[in-house]
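Chain nomenclature is as follows: A, B, C and D, assigned in order of appearance, with residue numbering initiated at 1 for each chain independently.
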């Protein structure tokens, strides 16, 4: 059993957000792998401006510092990432360095948020994270999960498992290397 | 004298934001051209989540609907756009269509926010705006303006004028075409 | 009947390229609108380096200069555009200015090349073209066309028509404005 | 002394290319670190189409397979990467996986190719490479090197050293992890 800690960031606070159930599906998959995780809900860290303090930020920073890597689950809005997600990510810097990040993009249409994922890769790279391949693109989000809250499509489930394989490999490899340095 | 209305969006609410003075410099340049403008300050429309109502949104929507085009002045944070700017842009859709947008990116370093400008072009295109070339990249923002609040570098001033030339040309051309349609 | 000239650039020379039939489908749609068009096949302008002369470049430049706008049909290779397409686009500059471009991205998978389309929007904007919305993303390219070579999916056909509507609107509006200037 | 092998890809074959001397400066820096390297010149692998065979490709594939990581030195053309570089990168896939890549972008203007670097990060991530931070952006390329062929600006030299530090750290860490797996 792994002792990695890989929290999942839910990157939208939009009323009716479909990404919430997708984020829970990822949390379930991580737990089935025996990996410690928790859901970081951007709605719990309400920010209106970059660089402003908020009481709940302290907890976010502690969680990010303790993490060995991250999953970000977020929808695509107008080909970009949600503003509330960017406000959260920009509130921290040092805690991200040399840690892998798996991106799960969500959309109601067919594209599955692939453009948002590319923008988020640029941002997470600037934050010194390592975006792993493949990213997971969840299209038709309303129908993506079955009754148990798992991915209904086996091909989507496969991609998500491969993403988590890579995330786990990088998280373990880079933690070893960070500790040795 | 033109009767175009081209508001300037200041896209950061960060304490100590240097983009504010740059935005005023653009407002001055527009007014010297005889163009009606106003500053839309993202700090006046505080939002914590995509898709949530806010009292000041109504006024933003009316201004956007009346506009013949836009200038967005915003800093680059970790290679992306400020979250508060994205929250504002995502709060509207129909009012942007077939209108040009000039992008002024700001950074404290040399790059001048060129990466943020590319991400913003993708977003504004999704919003059906027309990003004009050239974009204006203001590096070393602390030293970019002279005592009168104008661009200290003549080459930067030139680029800004060329951007405004294109913006004005597209704003006038597309308004004529929208009206004829 | 319109007198616009809107050539279609086929942006891959890969053996077995599926984009070729998609490009022909777009040519057919333009002709049914009464618009003059022609297929510019990147395979006919073989280049191995940016900035080198080639006999067939002269004809490309003349066609580009005569065009009122463009459609680019190209596959996504590793989230980017084909090298041969970039070599062709970079061989010209002045002929593109203030002309609209419609992007049709092609892929064998579900995503339909949406990431390539975003990169191509950045490039075409730098070339002073106007990328119109919506872009058209053709996934599962092998099954995208029916026996007559038209889009098999009515929703994809609808998106393509809307793209061509926008392209035509911009091509006509901007030509009028360019001529008046 | 390290036994890493980190080849440098020169990503333009344009006549008069300024990136060539920059690539040699990086080769020198690697050699001074005691790292085995070699210059892969895209001009030596002339390709006109994605997916076509070329005699010199075999050697490129062998070098890529032997590499523990890469540096790519390339100019920005119209906000994107050179077509000849993309043709080369797309000619291989498996040899890149889980290896770091340092990006050195070059431009004649101030921006230093930062937009090209972002597009290249998206492509190299799709190829399963790990783009390291910081990237190096060489603006005003004509004046970037001193008489000895080293970076004239100490701040640019510092960024390049920091990039190589990260590249070396990832190359060593990931090789250990790949071997253990």
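As a convention for this text, a residue touches a chain if its C-beta (ideal position, glycine included) is under 8 Å from a C-beta of that chain, and two chains touch if they have at least 3 such contacts.
Remember, predicted model here, so these are calculated numbers, not experimental data.
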Report task. Weigh C-D against B-D on C-beta contact pairs and write down the one with more. Result -> C-D
Query raised in the report: What is the chain whose Cα centroid lies farthest from the Cα centroid of chain D?
Result: B
Report task. Measure off the straight-line distance from the CA centroid of chain A to the CA centroid of chain D, and report it in whole Å. Result -> 29
Query raised in the report: So, what's the distance in Å between the C-alpha centres of chain D and chain C?
Result: 30
Query raised in the report: Taking each chain's centre as its mean C-alpha position, how far apart are chain B and chain D in Å?
Result: 35
Requested in this report: Mind pulling the residue numbers of chain A that touch at least two other chains?
Outcome: 79, 115, 118, 122, 125-126
Query - Residues on chain D engaged by chain A in the complex (per definition of touch) - result: 118, 121-122, 125-126, 128, 130-131, 133, 169, 172-174, 176-177, 181
Query raised in the report: Which residues, counting only chain B, touch chain D once they are in their complex?
Result: 79, 110-112, 114-115, 118, 137, 139
Query raised in the report: Within the complex, which stretch of chain B touches chain A?
Result: 12-16, 43, 46-52, 77-90, 115, 119, 122-123, 125-127
